[in-house]
Each structure stands twice: as structure tokens, then as C-alpha cells.
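There are two complexes below, and they share chain A, which is joined by chain B in the first and by chain C in the second.
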Partner chain A sequence: MQILMQLIVSGISVGMIYGVIAFGYQLTFSTSKTLNFGQGEALMLGALVGLTTINFLIGQQIGTFWAYVIMLPVVLAFGALQGSVVEWLGVRPAMRAKSEAGWIMATIALGIIFKNLAENIWGRDALKFPSPLPEASLSFGGIRIQPMEIVVVVGAIALMLGVEFFNRRSIYGKAVVATSNDRDAAGLMGINTNRIITFSYALSSMSAAFAGVLVAPVTLTGATMGAVLGLKAFAVAIIGGLSSGMGVVIGGLILGITETLTGYYISTGYKDVPGLVLLLIVLSLKPSGLFGKAAIKKV
Partner chain B sequence: MKIKFAWLLAASMFTAPVLAADSIKIGLSGPFTGGSSSMGVSMRDGVKLAVSEINAAGGVMGRPLEVVERDDEAKNELGVQIAQELINKENVVATVGYINTGVALASQRFYQEAEIPVFNNVATGSIVTKQFAGADFKANYIFRNAANDTIQSAMIAEEAVKRQNFKKPAILADASNYGQLGKTDLTNALSKLGVTPVATEKFNVGDTDMTAQLLRAKEAGADVILTYAIGPELAQIANGMAKLGWKVPMIGSWTLSMASFIDTAGPNGDGAMMPQTFIQQPTTPKRKAFIEAYQKAYNIDRIPSPVSAAQGYDSIYLLAAAINQAKSTEGRAIREALENLGTKVEGVVTTYDHPFTATDHEAISDNIPVFGLVKNGRVGPAHPEDLEGDKALRIKPKA
Partner chain C sequence: MLIIDNLVAGYGKVKVLHGISIMVPEGKVVALIGSNGAGKTTTLRALSGMLKPESGSITLGGKDIAGLTSHEITRMGLAHSPEGRRVFSTLPVMDNLLLGAFPRLTGSRHKGDVDGDINRMFELFPRLKERRTQLAGTLSGGEQQMLAMARALMLNPEVLLLDEPSMGLSPRLVEEIFVIIERLKKANMTMLLVEQFAAAALEVSDFGYVMENGHIRTSGEARALKNDPAVQAAYLGGH
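Showing the complex of A and B:
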């Protein structure tokens, strides 16, 4: 029982990360029906910018904890900027040309450019990210958790609640929701939908950058850290449904927990298989995802 | 600055042909960026240190050595490209290097065909020197002065089962060729001692959560963890054990001495043990001189990968001795000289006395490496008595 709980706890902290990145996919998909295939790279860039910032702050005799707190707004701002650049360079030209697939190639290309850029600036070694909290694990009735893992889960939930709250309560958020519901109608109502789409990209990369600095102290930081996470999150987005914010969180938890459970109860060699099988099952039975609304495309 | 550079370039264009005829070109291929770069860079710096010493003492046959270095990024396809460039364009007389077994295996065939010797000074895959051995080939141009995985896995099994009396080992290996071939070697070595591992677990390069693997090993009652993987994932294993509050000793291949393991595991990595051909301690006068020269040349205190640096350094002295003996830079003559080396070469790892024969291309025998132990961010000897007195210098027994 204790082992099962330990596995589920580890699965949740891994799954929450997948969930936050997938949440970023969902943000842009809802407004523009496009998504950033370089989401993993946005996470990686956020983590590396965070690493440089936190090391600079620690160098200024600021304690690790406060350095981490001060670093957060810097990383969030950087993420927002990076997302806007992706939208401006990769997505807007494709949408203007009414290209069905141009944005796919463009965002993948930008992702590769960002990765090469990071390799040149930060090198290709895995780097250690200073942990703002003690690294010794806490024990709850024999189940052991690192303090940073709790922060990952709480931080991920806080981010997603923050975005939901913004969408429901603020006038700008309502403009975002209106654009997701019907872009043309929103445009006729005087909403600048282009700006809303740029904004959703900024928000999406911001959440990825935030996820980056959340996981970095638990994992390691490096130019290649985004590739695997971005791909897993994509699977999560498909399992949960690209149109539902709640869905991607649950999708993330499902994938994270299945991975650790399979690793323990079946074989560590087949850890990644059930998640992908699940993906295939969902695609064949409910293509819009477990929590997605079926899209009716009117022609 | 730019103009100066252009002038230098123009000047070198005119002087280069004279220099090329004069100097002896040696190729150097290894990863100087990426996950295994700490080994690649240390190896390269060891090689360059040896070359500058030899050149300062008058070179080989009165001609200076010149290193043509290329970054293979640990990628097989890049290694192949570099091999072709070094052979056809640079006309090297021999190539030293290779950190990654896969890159070595993919690239060496071009040297074998061109009859140019390759000196593997770090890659450990058992098959590396056997790729072109046997009756099908007239001669084998692949040599090595690193402890191969057959030696390492036997040492790990011996240390765990015999010396430290562990009876329930768990093997944790990554899914790469290095990890999986090592896992097989380890399982075989253990079965020779009558021990079956209680768990054999696998993980991907880049995995960050080792909970499932470690819990399986723990529940199987493992009393020691044997590893075959590289730095970052090894660090995740050590950190994962600390997280689960479960501490058993870690014994594994020499990659447990990688800086990326030692630095990212921090105190959790203390106590990890691995076979080492060289430990950064002045146990012989030659080692003392080498460490001091290295520290002075590169202005550092801790050599990132001491084993790679020492083996890189030794490989050049062995090669220089062979060229001197052959009195020729022709590949076939160098190979024959290496196989019948008449002069004793005093290296950092050992003193090489007739290290190779026509059928044995391994300079390091199983009596040479000792166990290293991670403590406070450094690798020291696990059993200091192994390096005491005349045991400090371990020499390959005569065939």
C-alpha cells in the first residue's frame, strides 16, 4: 500500500509538469486553432534564463530562496516576450496566408532555432539548478516527498487557476473567451482578435517558462530538457482534449501515474508504452480527447 | 583585429605546405561539447600536453607533432565524416581519441581500410579492438589504452560480491548501447561468481524520475546497486535514493567518476565506487609531474576527468615511441612497431613494457585499474592499500 502511494505521489508530480505544458498548448489552440510545437523549447529557455538570473542574484549575496522568488517575474516576462516572438514570426504569417499547415513547420523550426541558440549560449551539459527549498525529503506516514515536488504541484495548480480567474473575471479575459468561442463574431464585436492571439501565445510560453523553473530544481537544466517533456505534454493534450483546461490537467495526471505504476508493476523497460497505448485508444474512441468538446466544422 | 586575422590567414596559407611536410599530423576525435564533453575535453588536454612536451624536447624523428582536433559531438555520423576528412584531406599518420564506443565502431572502418592506426584512449566497449581482429583480416589497426568493459564489469562484480560480500545486487543500466552491453557483461561476470541479480532495471537517457526503478530494487531486497550509465542519470539515481530514504552502496562503471555525476549528486553521491586507471594523486613521480604540468597548463585544480586526461596523455607517448621505432610515418610500419614495441614507455597510468602483440591490442590488463571512491566532490582511492609502495605502479603481465 505504501509503495502504491509512493508511486502515485511521484506520478502526480511528474504528471503535473506534463499538465502545465499541455495547458500551454490548450491556451493557444482555443483562441487561434494553432499551437506552438516549440512548447518544450519555451520551457527549456525559461529554465535556462531562470538559471542565469538566479545565479546572478545568488552572486549578489541574496539567499537562494529570495533569489528564486525575485527570479520568477523575470522568467515570466521573458516567457511572455518569447511567446509573442513565436506568434509574430511563426504563426501570424501563416494565418494571414490562410495556410493550413504553415504554422506547424514554422513553430517546429523556431523550436529548433531556440534549441541551437541555447546550446551556443549555455552549452550542452546538464546543469544543476539551485533549489530554493531544502533537498531533504519529507516523510508522510512513510511516503516520501521532496519539498520542491510539493511546490511543483501547488505552483502548477496556482498558475492554471490564475489564468482561469483572469479569463472569467477580467474584461480582457472575457475578450479571450469570446475569441475562443467564435473568432469572427468576436472580431465583429470590436475585439482585436489578432492582439488576443498574440496575447494567448505570450501566456502560453509564459506558463511553459514557469513550468521550466518549477521542474528545474528537481531535474537538471539543459538545452535538451524540453524535447521529451514537450512530446509527453503533446500526448497529454490529446488524451485530455485540446479544448479543455481541466482535461489537460487530468490527462497529465493519468499519464504521469500510469508511467510510474507500469515502471514498478510491469517493467521499467516498458514504462512509456501504456501511456502511448492510452493515446491510441483515446484517439480511436473519442478523437476530441476525454474532456474535449467535439468540434463541428461547418463548411 | 579582423585585418590582423586576415593577414595571419594569408600568411599561413603560404607557409602551411612547408609546415605540413615538416610536421607529423595526428588526428584527434572526441566530443568536446555535450553530455560526455568532460571526458572529451580532459582527453584532448592530456593529448595536447603530451604533444607540447614532446615538441619541446625536439619532436619525433626531429619533426614536430601536430594535432588536428575535431569535435565529434558523440554522434556516430559526425565521427564518420571526421574520419574521412582526417584520412583524405588532412593525411594524418594516426588518430587518437574516441570517448563513445558507438562513434569508435562507426568511424574505425575507414582507418582500417586506409591502413592507418587508431588509438582508442577512452572508449570502453569490449568489441572496440575486436572489430577487425581474427582470421578474416590481414592486420588489425585498432589499439586501445583504456580499461574495457569486460575488465570493468568483472572488477565491479568481484568488488561487490567477494571483497564487500554483497549477495543481492540490483543492476541499473540506461537504455543506450553503453548501458545495455554493460548490463550483459555485468550479468555474465556475476554469474561466474554464482550470483544472480535480484533486479535488473532500465531507464532512458534523459529520465529524471527513478522512483519506479529504485522501488523495484528496494522491494527485491537489493543490498547494493551496480550501475552502467552516464553522469546525469547516475546523479538522478543517487538523488532518488536520498529522496526515498534508502541508502545502499553504489558500485558501477568508471562513469561514476564523471564531473556531471559528482557535481549534480553532491553529498548523495559520496561513497560511489568505480574502476579507475588513474586517480588524481601523486602516487608515483611520473603521476606527480603529470598532475602538476596539467594544473599549470590549464590553470585548474581538479581535472574534470582524470582517467581520460591520463590515458590521452599516455596514448601520445606510446604512438611517438612507435613512430620513433618505425623511423617512418607509414601506417603499416607504425602498426608493426606498436605490436613489437622495443622501448619501455613510462606513462602516467602504468609503465608500458611491450604492451601490444599482433593478437592483443589492449594495453590495459585487469590488474591495472583500482577502485576509486567519491568523497567531498573528489575521486580518491577506495582502498588506499591498493596503491601503497610498489603496488602503486601496476604493470601488465608478460604474455
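Showing the complex of A and C:
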């Protein structure tokens, strides 16, 4: 029983990371019906830019904890900028040309370019990311939790609540929701929907970059860290439904927990299988996702 | 004042509007009538920038707006209550109204008294007041139509385009909508009204234009059109 609880707790923090990345997919999908297949690379770039920043700050005799805190806004700003570039270079031309698939190719291509760029700047090896909190585990009734794992969960929830609060309270947030509802009608309200879509890409990559620096102290960083995370988060977005913010969190938790359970009870070799099986089941039974609203394509 | 001169527009290679000219004078109501597929909705879409005109000019308050994007045109004071209502279904009634005032709340248009205008809308459409916290998607068709009109009015527009406000509504609600249009007219709102109920539309309007296959067939004072035997035979018989 204790082992089971331990596995679930570990699964939750992994799952929240998947959830945050998937949340990023959902942000752009809702406004533009497109998404960034280089989302994993946005996470990786965020983590590596974070690594360089935090190492620089530590070099300036700033303690690791404060260095981490000061690094956060730098990484968030970088993520927002990177997302805007992806939208501008990869998505907007395809949308202007009314291309159904152009953005898929373009965002994958940009992802590969970013990965190559990172390999040339930071090398191919996995790098250690300084942890702002003690790495020794805390014990709660025999269940061990790393302090950073708690930060992952709290940080992920805070980010998603922050976006939700913005959408509900500010007129610009309402403009984002209006654009997701009906882009043409939003234009008739005087909303520049192109700018809203750029903004959603900025926010999406910002979420990924944030996820990157949350997960980096627990795992390792490196140019290849994004690919698998991006893909799994994509599965989460499909399982939870691309139209539901709540869905991606639950989808992330489902995948995170099944992975740790499979890894322990079956074999770590099969760790990735149940999530993908789940993806196939959801796709065949409820293609709009467990929590998604069925989309009706008008012809 | 809105002046449309020789407007040509369409979808891809299919031309729908073949050079139409309409004038909507300040403070007047102009009805655009015609059968299904005549190009009435396309005209409104071209005016508000939802569709890019191929040629011709559209002058709003002295400035040519042809070819601008819909958000730019809206910010210049042209409000469009579109066909099919297009309310933001996952947002509450109140947020739909606030979004109608988006340019006023974000500095691209004179702000004025937004709260006061919301209260004015609630007075004009008392049902919306009852439903103000409800999601727009859960409203009835008539209520959604009222919301679409109120949302467009929240811009404090120079000119209001209304596309088929009576579509799909019960006769009693249609009557209610026309009473509201009458009230807006008394308040000097400049309106271009597209309607299937040609008789009722001409009743509230000062001028009318009859459209046929993307051309303006005839136009004139609304009262004169109403009594024109040719117009009566073609468009007023059924209603």
C-alpha cells in the first residue's frame, strides 16, 4: 500500500509537467485551431536558457534559491518571445495561405532547428540543473517526496490558475476567450484576432519554458529533453481533450500515474506503453478527448 | 453616414456583388430587401471587413474603409450584428456586452460611460438583465438575437448593420424586435437593415433598396417602395 501511494505521488508530479505542456497545446488550439509541434523544444530551450541564467547568477555570488527566483522572469520572457517567433514564422504564413497542414510541417521544422541550435550552443550531453531547494527527500508517513516535486505541482497549478484568472477577469482575457469562441465575431468586436493568436503562442511557449525549469532540477537538462516530453504531453492533450483546461490536468495525472505504476509493477521497459494504449482507446471511443466538447466541422 | 459606391465582392472566383451603390444618411434607417441569395448578407460582410471587397469604395464618416480588416472598421464606428447572431456562447451575457465595448475599454475609441450604456441595454432588452450571469449559449434564439443587437450597440456606433434580426423568431418576438428598431430610430441611430420581412422592414425605414442577383434593382423612399406594384408583387406578397 505504501509503495502504491509512493508511486502515485511520484506520478502526480510527472503528470503535472505533462499537464502544463498540454495546457500550452490547448491555449493555441483554442484560438487558432493550430498548435506548436515544437512545444517540447520550447520546454527544452526554456530549461537551457534557465540553466545559463542561473549559473551566471550563481557565479555572481547569489545563492541558488534566489538565483532560481530571479531566473524565472527571464525564462518566462524568453519563452513568450520564442512562442511569438514560432507563430510569426511557422503558423501565420500557413493560416494566411489557408493551408490545412502547413503549420504542422512548419512547427515541426522549427522544432528541429531549435534542437540543432541547442545542441550547438549547449552540447549534446545531459547537464545538471542546480536545485533551488534541498534535494533530500521529505518523508510523510513513509512516503518520500522531494521538495522540488512539491514546487512542480504548486507551480503548475499556479500557472494554470493565473491564466484562468486573466481570461475571466481582464477584458483582454475575455478577448482571448471570444476569439476561441468565434474568430470572425471577435473581429467584429474590434479585437485584433491576429494579435490574440500571437499572444496565445507566446503564452503557450511561456508555459512550456516554465515547465522546463520546473522539471529540470528533478531530471537533467539537455537538447534532447524536449522531444519525449512534448510527445507525451501531446498524448495528454488528446486524452484530456484539446478544448478543456481541466481535461489536460486530469489527462496529465492519468498518464503520469499509469507510467510510474507500469514502471514498477510491470517493467520500466514498458513504461511508455499504457499511455499510448490509452491514447488509442480514447481516440477510438471519444475522439474529442475525455473532457473535450465534440467539434462539429461545418461543410 | 455610410456611402457605398460601385462595390464589387465575392467568394474566390464567384462574384456575388456586381457593383452596388447604397447611401445611408446620418440618423436614417435604410432597408435592404430582396430574396434569398440576392447578396444582402454578402453586402454587410463586405462593409464590415469580414469579406474583402474587390473594388469600389465604402465611405464611413468621410473615410474610405474598403479593404480594412474588421477590427479596424469596428474601431472606426461601424457595428455589425451578424447573420446567425454569433454570440460568444461560453461567456456570460455580461461579458458579451463588455466585449461589444472592447474598443472603448482598450483606448481605441472614446470610452464614455460603459456602465451606463450596459444599463441602457438592460432597459432596452429587459430579458438580458434577468439573464446577465447566464452563459450566452444557454439563451433562447430570441434572447441571443437581442444580445447580438445589444452587443453591437455597446460600441456606441456611428452606423449599425443589422442582418436578419427576425430570422427564426416567433411572430411575437419579431414584433418585439421591430419595436426596438423603432426605438433606436427615434434615438437617431443610423442603421442599415437587412430583412426578409420586407413589409415590416420598409415600415420602420426611411429609404429602401431592393437587391436582385447582386445588383440594386430599384431604390427610393421606403413608403414609395411599399406602394410600388412591382415591389409588392415580388417581395411583399408573402408577408
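In this text, the second predicted complex is superposed on the first by the 299 of 299 C-alpha atoms of A that agree within 3 Å, B and C clash if a C-alpha of one lies under 4 Å from a C-alpha of the other, contacts with A are read in each partner's own complex, and residues count from 1 in each chain.
We take it that a contact is a pair of C-beta atoms (placed from the backbone, for glycine too) under 8 Å apart; a residue touches a chain by one contact, two chains touch by 3 or more.
Quick caveat, the model's predicted, so the values are computed rather than measured.
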Three-chain arrangement built on chain A, chain B and chain C clash or fit | fit
Angular separation of chain B and chain C about chain A, which is computed from CA centres of the superposed model and rounded to the nearest 10 ° | 150
Scan A:164 for contacts with chain B and chain C and give back first, second, both or neither.
-> neither
First, second, both or neither for A:191, with chain B first and chain C second = second
Should A:178 be classified as contacting the first partner (chain B), the second (chain C), both, or neither?
-> second
Could you let me know whether more residues of chain A are touched by chain B or by chain C?
-> B
Figure out whether A:224 sits in contact with chain B (first) or chain C (second), or with both, or with neither.
-> first
A:3 contacts which: chain B (first), chain C (second), both, neither?
-> first
Thinking of the overlay built on chain A, is A:126 touched by chain B (first), by chain C (second), by both, or by neither?
-> first
Least Cα gap, in Å, left between chain B and chain C after the two complexes are fitted on chain A = 39
Of all the chain A residues, which ones make contact with chain B and with chain C?
-> none
In their shared complex, chain B is touched by residues of chain A numbered 3, 6-7, 10, 14, 119, 123-126, 128, 135-137, 139, 144, 146, 215, 218-220, 224-225, 227-228, 259-264, 267-269, 271-272
For the chain B and chain A complex, residues of the former touching the latter | 33-35, 37-38, 175, 201-204, 206, 208-209, 211-213, 215-216, 219, 231-232, 235-236, 239, 242-245, 260, 263-264
Once bound in the complex, which stretches of chain C touch chain A?
-> 48-50, 69-71, 74-75, 79-80, 82, 86-91, 95, 98-100, 102-103, 105-106, 108-109, 151-152, 155
Within the complex, which stretch of chain A touches chain C?
-> 171-172, 174-175, 177-178, 180-182, 184-193
